[in-house]
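The same chain A turns up in both complexes below, where it pairs with chain B and then with chain C.
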Partner chain A sequence: MAISVKVMRRPEPGRTSYMRATLKGMSLTFKHLVRLKKVTLEYPEDQPDLHPRWRGTHRMEVHADGRPKCVACGLCPTVCPANCIRLVGGEDDQGNRYPIVYEIDEFRCIFCGMCQEVCPVEAIHVGQHFENAEYTRDRFVYDLDRLMEQDHPTTLLWDPSDPRSE
Partner chain B sequence: MHEMHQLSTFWFWVAGAAKVIGVFTMVMLAVAYMTLAERRVSGFIQDRLGPNRVGPFGLLQPIADAVKNLIKEETMPGTSAKFYFVLGPMLAIMPAVVTFAVIPIAAPLPTPVGTVDMIVADVPIGILYILALSSLAVYGIVLSGWASNNKYAFLGGLRASAQMISYEVALGLSVIAVLLLAGNVTLTEMVWQQQQMKLWFVFPLSLAFIFFVISALAETNRLPFDMPEAESELITGYHTEYSAMKFSMFFIAEYAHVLTASALMATLFFGGWDIPVWTGDDMFWHEGALIRGFDEAGAPIAATPNVLITLLTLGAFSAKTAFFVLLYIWIRWTLPRFRYDQVMHLGWKVLLPAALGYIVLVAGTMLVLDQLGVPFGFRYGLILTGVSGVTTVAFLFFVDRDRVISGAHGQGSVARIRARAAASVAASAAVPSAARTAPGARPTTQAPPGPASS
Partner chain C sequence: MPDNGRKADTVTLTIDGREVTVPKGTSLLHAAEGLGVEVPHYCYHPGLSAPAQCRICLVEVEGAPKLQPSCVTMAEDGQVVHTESPSAVRMRKGVLEFYLVNHPLDCPICDMSGECMLQDYVFEEGREKGRSREPKRVFGRDDFGGDVLFYGDRCVMCTRCVRFMDEVARDPRLTVVERGSRAVIDTFFEHGLEGASYAGNIVDICPVGALVSKDFLHKARAWDLDHTESICPGCSQGCNIELHTRDNLVQRLKPRENQEVNGHWMCDYGRANYEWMNHPGRLEEPEVGRGNDRRPADWQEALASLFQRLSDAGGAGVRIVGSPLASNEALAGLAALGGEVGSIEACVFRSPRAPDEDPLPGFPTLVRRRDLAPNVDGAGILGFERVGGDDAAGGLREVAGHDGIILVLGDELRDQSEDFGAAASLFVYLGTADSPAARNADFVLPVTTFAEEEGSFVNVLGRVQRFRQGLQAPGYARPAWLVLGALVGALRGDGTPASAADAFERMAEAHAAFAGLTWEAIGTSGTRLEAAHA
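Then we have the complex of A and B:
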């Protein structure tokens, strides 16, 4: 979108009525005073409508039997620009890879969503969620169990064919 | 029904003490809720909600604020003048609270021991007491500004003293018009005269009312005249260095001032506790008896004080005062702050001569009316209303459109801008067209030195 400049037509000095301007200002503020529609969101009671591509707290998708979908391929710690994912992979008897340790430091995370983009099995997601206050700093390192417990909706990925998600 | 009589000395003291405590409590409560009103109204004006969390509709917010201010740390700048630093807030709050003592808040209240005037102290000097004490308020501000040993606080204090002294003059002169019409300085008598005229003084003295509102805004350091605070220029001016309860005392003082000024506007110009149209509430002590008015022959008609009338008039007084408090808040969130030189200009060069001229006009009109034998009453008021109305419209017309009050261009800007335009036209006609776009096209006439001429 091009930048447009709005040119204000200023009346010539000497033609401006300050009394009228003052009264106009007073009536304008009065209109806002009695206007019932306010912009305040009364937060804990009313929740904000998060955009479908809002990137918040992570969550790990799980299989029906409760195992994490993660296959410990190591792509997300590699791509992570903030280096906040710690992954130690393991392999079971059938040769399936799984994460032994999967930790995300939510303090370091910049919520770019690249872990979700890069994940080949759609296991790790960023989500439409932001209420993650804690009393201690160490609670902000989310381990695998905690990531699997999250149940908020996941973030919609950007679709190149529909760039404005219309 | 008990006998209507004046109080004995003992009951006078008892009633006096009760009124002191009652009015002080009322003022403090009103101040507490004015802080809430200010925040809620400012919120509404800006399409927000304002504080609505503590208690229903945020009604307990002032209590939460008080608790917060009480348990906050009292700071004392190491380089401050300690004694004056502590004295400052005390001096600021004292005149703000005590001025309410001479404002009548309701019709006299009948009690078994006699009729109690609903005024803390019906002193004969009335309005002079208010003027004397309200000018003391500047000491608190200038002392705290100086004692803080902070350049912004000091600037705030300086501005406060200059501004409050300047507008004291205009305030006093606008009150003089009321004194002329009421013929007395006590506020009870002013209410009585307005009841007798059956016309509130705002109509016959419309221009004085406008002057009073403007000067009262400046006197209480409220926007658009909050020079001493001026957050954007002076941090918060004179109370920059204050914290906790000392800081909050400045706030109590400011709101108490606003309350007193609003009550004064209601009393001087809007009939005080008078209920409009209804004459049943008219009451005044005349030669030891409470009267309601005079009959055709000039004999006094006795009034019967009633608890209900007292309550109704108290309600009327509160409603009027609340309206002006809201007007204050409304103006604050509408108008931006004046520049300092504009404030001084308005005070000394516009309000002072205009108020003086207006006094002459009112006095002259009254002299003519008295000479013509027009009795003091509704007709007398109507004639004055006409004269004042014409003067008000003329004054506002004369002041407006850059004639006296100017916008951002500075004083006399129109003449200067026109002169510059004419000069540049003349210059461009004289020089070749290549030089016409040169930036140095200055007016040949001598422009008066000013902020806009550079």
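Then we have the complex of A and C:
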């Protein structure tokens, strides 16, 4: 095949200048530099506002005398889709049914909140809490004492400002 | 002639628009059941009399002035019955509302929750909200003695328990005291149900959570339990039962209806006798070598070297110790193995015996038998001979010092010394737990309990009855019929039985008593052996 040379014409100087695009870009940059609206949340100094139905790690409600409200009915392990609740029921010295073992594996949990929804005595709740860092993995299996110690606000089943989810 | 007879004995009626023909004397409730229509009922139980006092089985019968209790109204020719008519539904709704006036609705902490007839019926057709504003009367809970706990608040006063103790146990220890809304079930004396050997049945027949088992209290939720059809291993009566299991543990035993054996009932001895099925400390892998040379092996290695030893045995005398806890298939496999490798000189088993029988007066077929093991009769049919005392000890002197081949299946040899089988040329021990007397065994092979395998037992009435697998076996334990079947199959060259059904068929070929029977024919409720030959 014969070799030929294709001659490319240089565009007009006015159309090759980068000045216009640079100024346009810089103007946007400087506009943001002086704009006052802040998007970044300065966590942890500033805490985020959590939605009332925001679902985080669990909390067990307690009676005034310090007993857990749970009656070990077994509905939460039954309804739990992630199978993360282990419950062994028993009877205390006053003849009340109570959980001898109540463990939630927060790693397995998918935070669907069905345990709270199904609980007939409003004992187990998901909470408005997300700061869960631990040094070891086994610390993420919350036992009954740990669940009772939690003091973060619990999740509401519906938004009070929008009770019918409209 | 038979045609005429049949015509006179049956009636045809219409229930909910469908025609059904039933024998004369059938209650409407039963006739409806045959059509798959469940009429709610509390006081009626097929094993008891029907006082028609719970008033929830009322149905509309065309022509009758009022709703009729279906449990005591007998079916008649040409009757037209409506179980779902507006008046019947309205009445049930009203009756259920009355039941809930004093019921505590403590389903979350009630052991019956999930299998409660009140829960079911109220959920199906009860009112959404009760209208009673009065405070509920409170009785609290009462220890009735034995294994029974009574929660008076939950009671619906069906009096099934009173009638059971009266009519079936013939030991009237319960009664209704007070009247009206204060009526409550109570015992006559302080000792209550203590010592009554069939009282556990009142927990089964209680339609609500008023009578609960202390043993099962708070142990598991009804919906978590897996039910497996099985046979009670407590005595040679062979009551049909269900194993209720959860987390690979037996949680409780419940009777399963079989009118030929146990009706709806079972004894408290059998009911309480399940902890051993969950027992830890089981043999989990095959071991080979005697005494200090004992080492673990895998099945392949153990069976291959055992097969070699058996092939080389060359007609030595074989003495066999079986167990009345082992299935027919396992015992037949053991006998077949003995016959294959040499000449059987002794074929024995030992079984504990109670001093007396314990019948259920209202259902004479059901007796807690003297033999406290499920397959004493099966072992007898398969050629095993009972030795030893009533405590299942002794009687093995001839086996212990034998210098030929010793095969032991299931017997833990608790009373035997460490010298057991020391002189034997080959000693094979198949068991669920290790034993000091198995020290000289050349092969220790872990086998499953009846709860972990399929198989069959023959009960004292000559019924062969199947049981199914309810638990997973621990470790590498395998059913004895499989282990023995593999060895026999290898020696004969006809392969390993593929299933318990296959093992049963091989047994039926070898033992005339089982000839002609198939696994399917035995079914879930068993067959009489004599009947199979008639």
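Throughout what follows, the second predicted complex is superposed on the first by the 128 of 166 C-alpha atoms of A that agree within 3 Å, B and C clash if a C-alpha of one lies under 4 Å from a C-alpha of the other, contacts with A are read in each partner's own complex, and residues count from 1 in each chain.
Going forward, contacts are C-beta pairs under 8 Å (C-beta built on N, C-alpha and C of every residue); 3 or more make two chains touch, one makes a residue touch a chain.
These figures come from a predicted structure and were not determined experimentally.
By the touch criterion defined above, A:Tyr18 reaches chain B but does not reach chain C.
Judged by the touch definition given at the top, the superposed model places A:Phe30 against chain B, while chain C stays out of reach. Judged by the touch definition given at the top, the superposed model places A:Thr78 against chain C, while chain B stays out of reach. Within the superposed three-chain model, A:Arg9 lies out of touch with both chain B and chain C [touch as defined at top].
Shared-chain residue A:Arg137: touches no atom of chain B or chain C. Shared-chain residue A:Val121: touches chain C; no touch with chain B. Looking at the superposition, the partner that touches the larger set of chain A residues, chain B or chain C, turns out to be B.
Touch criterion not met for A:His63: it reaches neither chain B nor chain C. In the superposition on chain A, no chain A position is in contact with chain B in one complex as well as with chain C in the other. Listing the residues of chain B that touch chain A in their complex gives 41, 43-49, 330-331, 333-335, 396, 399-402, 405-407, 409, 413-414, 417.
Against chain C, the residues of chain A that register as touching in their complex are 71-75, 78, 89-91, 95, 97, 120-121. Those residues of chain C that touch chain A in the shared complex are 107-109, 113, 141, 217-219, 221, 223-224. Chain A makes touch with chain B in their complex at residues 13-20, 22, 25-26, 28-30, 32-35, 37-40, 42.
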